[in-house]
Amino acid sequence: MPATEQPTDVVRRRRPRARLVARYLLLTLGAVIVLFPVYMALVNSLLLPSQIAHQPPPLIPTNPQWHTYPDAWTGGHLGIYLRNSAVQTVIIVAGQLVTSILAAFAFAFLEFPLKKTLFIVFLMTLMIPFEVTVATNLTTVSSLGWFNSFPGLTLPFLATGFGVFLLRQAFLQIPRDLKEAAQLDGYGHLRFLWAVAIPLARPAIAALGVFSFLGAWNQYLWPLLVTGNDNSVRTVQIGLKQLLNTQLDQLNVSLAGTIIAIAPLIVLLVVFQKQLVRSLTAGAVK
Amino acid sequence: MARVHFAKVSKRYGDVAAVDDLTLEVADGELLVLLGPSGCGKTTALRMVAGLEDVTEGSLTIGDDLVNDVDPKDRDVAMVFQSYALYPHMSVAKNIEFPLRQRKIETAERKQRALEAATTLGLEDLMDRKPGQLSGGQRQRVALARAIVRDPRVFLMDEPLSNLDAKLRVQTRGDIVALQRRLGTTTLYVTHDQVEAMTMGHRIAVMQGGRLQQVAAPQDLYERPANTFVATFLGSPGMNLIPASRQGDELVTPSGSLAVPAELSGIAPGEVTLGARPESLSLGTEGLRATVSLVEMLGAETQVHCKLEGGTTLVVRQGHDQVRPDLGHSVLVSVDPSSLHAFDAATGDRIEGSQ
Amino acid sequence: MRTRATRRHKDWALAYALLLPGLVIFSIFTFWPFLQNFKLALYQNPPYPGLPSTFVGLSQVGDVLSSVTFHQSLISTLLFVVMVVPTGLLGGLVLALAAHKALKGMAIFQVIFSSTVVTSVAVAAVVFGTLMDPVVGLLPWLGLDPHPAILSNPTWALPAVAVIAIWQFLGLSFIIMTAGLQSLPEEVLEAARLDGARAPTMFFRVTIPLLSPTIFFGLVVGFIYAFQSFGQIDILIGSQNAEFTHTNVLLFYIYRALSVQNDPGLAAVLSIVLFAILLSVTLLQFRFLERRVHYAGN
């Protein structure tokens, strides 16, 4: 190390370091902004109502009111709502996966009349957002007697044009040779689908599954319209609204409810981040 | 009995005939090579035997069965694809067992037969690996094992060596030949590589533009090509073609004349295309006038490209101990008259009365 | 042994059978309702349920489209979109750029920044509702006067809801921008660096143009996302106050028409308008923006 350093050397060495620090600062700031609301909800859920009203509210609960969680669970019926959401979501995800796999397989591997037209028909459903169909769907579901029931809650969502699009892309990646080899080995279409196509398209199917799960769990409009006044099928999202309305003086319980509602999804995010990103960016990156 | 018989078979896409009026018989136990440049129809013909392409015209028979409308899986044929078509998510063992699962064979027997097939190809230690963990040569052997495990009546191979590097290709060539001779299964083998064809096939069927040019044993194909296409396709380099015209007792070219050899005395006067392989030409004191345009030294031999007056280039093969000419030199190319071929100047077909 | 023809026909039958479940669902729950809107729009509904609706032709359509409520709704919706989409995309871009280096701990930041994508409108509404509550909220802490309640304020209610939507959109925006950044061709960026481009030039003349397909995709997604937001308004403001606070965005108006006013005819007209807007914007964006988009190949 020379005794005296040239000014330019010092600057060149310092600049990257300063940039690094600045970057981490920015990242931390961003993280704080993003996490702050949920963090405050968590904190407030453990405070006494009087503490929440304190200005400014404390950032760390000194006397955590753990009872708010069981309260939300039983008194706020969140346990039931979670169960309902789980049932609703599983039905929708299963339905979307099955209909998408079957349709995508037909489009990717079979030849038949009107194939192009039918594919466009499936794609057109992407142009018609659910909100535009809500009016009639409500009438349909009511007249079939499925108001406030699981069929009514899930049937309109059992198929998705996006899923067909995504899985068809994935199936098209499978080399023709494999299908022909399987054909020579005596495998019909459906056995090929089960033994080869689905295993090879697993990443895309997982991505679709995660995406569907997220969409179904977080639905608001339709459950709002279709669930009645009892708790038989009310989902967590509507349950939260209910909780808020009935527990206005016990804000901490409502907030405990939101934490319970969001916890499964945070787990989902951490475990399935890759799949989630993949499905959300399908179509963004060529 | 597992012969394969094409009877006036054609495959048309609209106006285009990928395979045009093919009549060919593959004998039981024979390894027949379908040879030709890309687009000549050889792969289409192979796929028709597999049932992966429909036959537009004609009848295709395997054994005693007319198979035009038979499902691929009912034809009892096995195919080795150019890309091997291995199932990437299954182990080697499962890949080899795959064809047997559909045939309602019990698990124990299935595993046994798969193991036998794998051992035949030296794969017994790789049974648990996935295709992604294997080298190209190993994957190729898995594809072969999958084909033999069913003990089919016909093997179909679609350029199985083209994805291997040169050295591996030579070795695998020998392995496949040995395997086929041992099993005695009728094999239809498609390639564009004439070296493979010459060393592997009992007979070779040369195709071009969807049409069969000639089918014969390798040596016959080399020594008596049926037309100029076959003559120039086989051999490395291919046969030299010299445009000439018969005038009386002489074959006249712009670069000089040759005496009509006794074997070709039956040629009609007029335009004719002469053929001479590089090894039957030599540089000497008499012959056709030419200028040396390129000298390629290949170690054991030298190939001298000589340009005749009139434009045609001849390739002359010299042994390593012969004197090499310099570039640009004028030379005289003499032709061994007993090795001269004659082809119709217009159609390219071989003229009998030669050899 | 089947003939070729029956084999082909069997394939066709299989294909149609595979498509059938999806087609049935779509027909009943997507196409039929969509078309039915056009019929419903022509019928006026009585104020009391149980009475038949009367055919009024296009006059209902005319009435709705010319009503003040409708115009206000459109304005609210437009303002909402303008507030949410560019801000959300910009925020996502900034976060994506910050997190786009292979440094220690980056994975954690990436999970954090994506996290809002899993929040539902209900969760976001309750969480932010608390923060904005006049009594217990944090607004005083930030120096803002909490009274009257921001969510009952005709001027500030919509921006407040927009803040919630922006926060929720950040996660999706971050994911999209990150994917876009990852897809940028390394060689082009290196070439620019070798050519002496410094940070601002790099950013504005190289990175952004290369990123334009992603930004374009983000705009389309964001627009649709913003149009579909109404849950926050329902939970925090409620049907009664929506018009007063100028938060009666189009989708919320549709919900109120259906569920509160029991007026399918009105809902149908509004649904058609919603569809028309979304469709034309998507088409417009594709046509005009795609021309200005610089694909890496150009």
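Which chain is which? They are A, B and C, in the order written, and residues in each are numbered from 1.
As a convention for this text, a residue touches a chain if its C-beta (ideal position, glycine included) is under 8 Å from a C-beta of that chain, and two chains touch if they have at least 3 such contacts.
This structure is a prediction, so every number in the text was calculated from the model and none was measured.
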Discussion item. Can you identify which chains form the pair with the largest number of contacting C-beta pairs?
Written reply: A-C
Discussion item. Can you identify the chain nearest the overall CA centroid, using each chain's own CA centroid?
Written reply: A
Worksheet entry | Between subunit A and subunit B, centroid-to-centroid distance (C-alpha), Å | 58
Response to the item:
Here the gap between subunit A and subunit C, centre to centre from mean Cα coordinates and rounded to Å, is 15
Worksheet entry | Rounded Å distance, subunit B centre to subunit C centre (Cα mean) | 62
Fill in: subunit A residues within the subunit C interface of the complex
20, 23-24, 26-27, 30-31, 34-35, 37-38, 40-41, 44, 52-53, 55-57, 98-100, 102-103, 105-106, 110-113, 115, 118, 121-122, 125, 127-129, 131-140, 155-159, 161, 164, 189-190, 214, 217-218, 220-221, 224-225, 236-238, 240-241, 244, 251, 254-255, 257-258, 261-262, 265-266, 268-270, 273, 276-277, 280-281, 283-286
Discussion item. Show me the residue ranges of subunit C that touch subunit A in the complex, using the header's touch definition.
Written reply: 11-12, 14-16, 18-19, 21-23, 25-26, 28-34, 36-37, 40, 94-95, 98-99, 101, 103, 109-131, 133, 135-136, 138, 140-141, 167, 170-172, 175-176, 178-180, 182-183, 213-214, 217-218, 224, 227-228, 230-231, 234-235, 251, 254-255, 258-259, 264, 267-268, 271-272, 274-275, 278-279, 282
Worksheet, complete the sentence: Per the touch rule, the subunit C residues reaching subunit B in their complex are 1-4, 7
Worksheet item: subunit C touches which residues of subunit B in the complex?
Response: 54, 68-71, 74
Practice prompt. Sort out for me which residues of subunit B touch subunit A in the complex.
Written response: 50-52, 72-73, 77-79, 81, 83-85, 87-89, 98-99, 102-103, 150
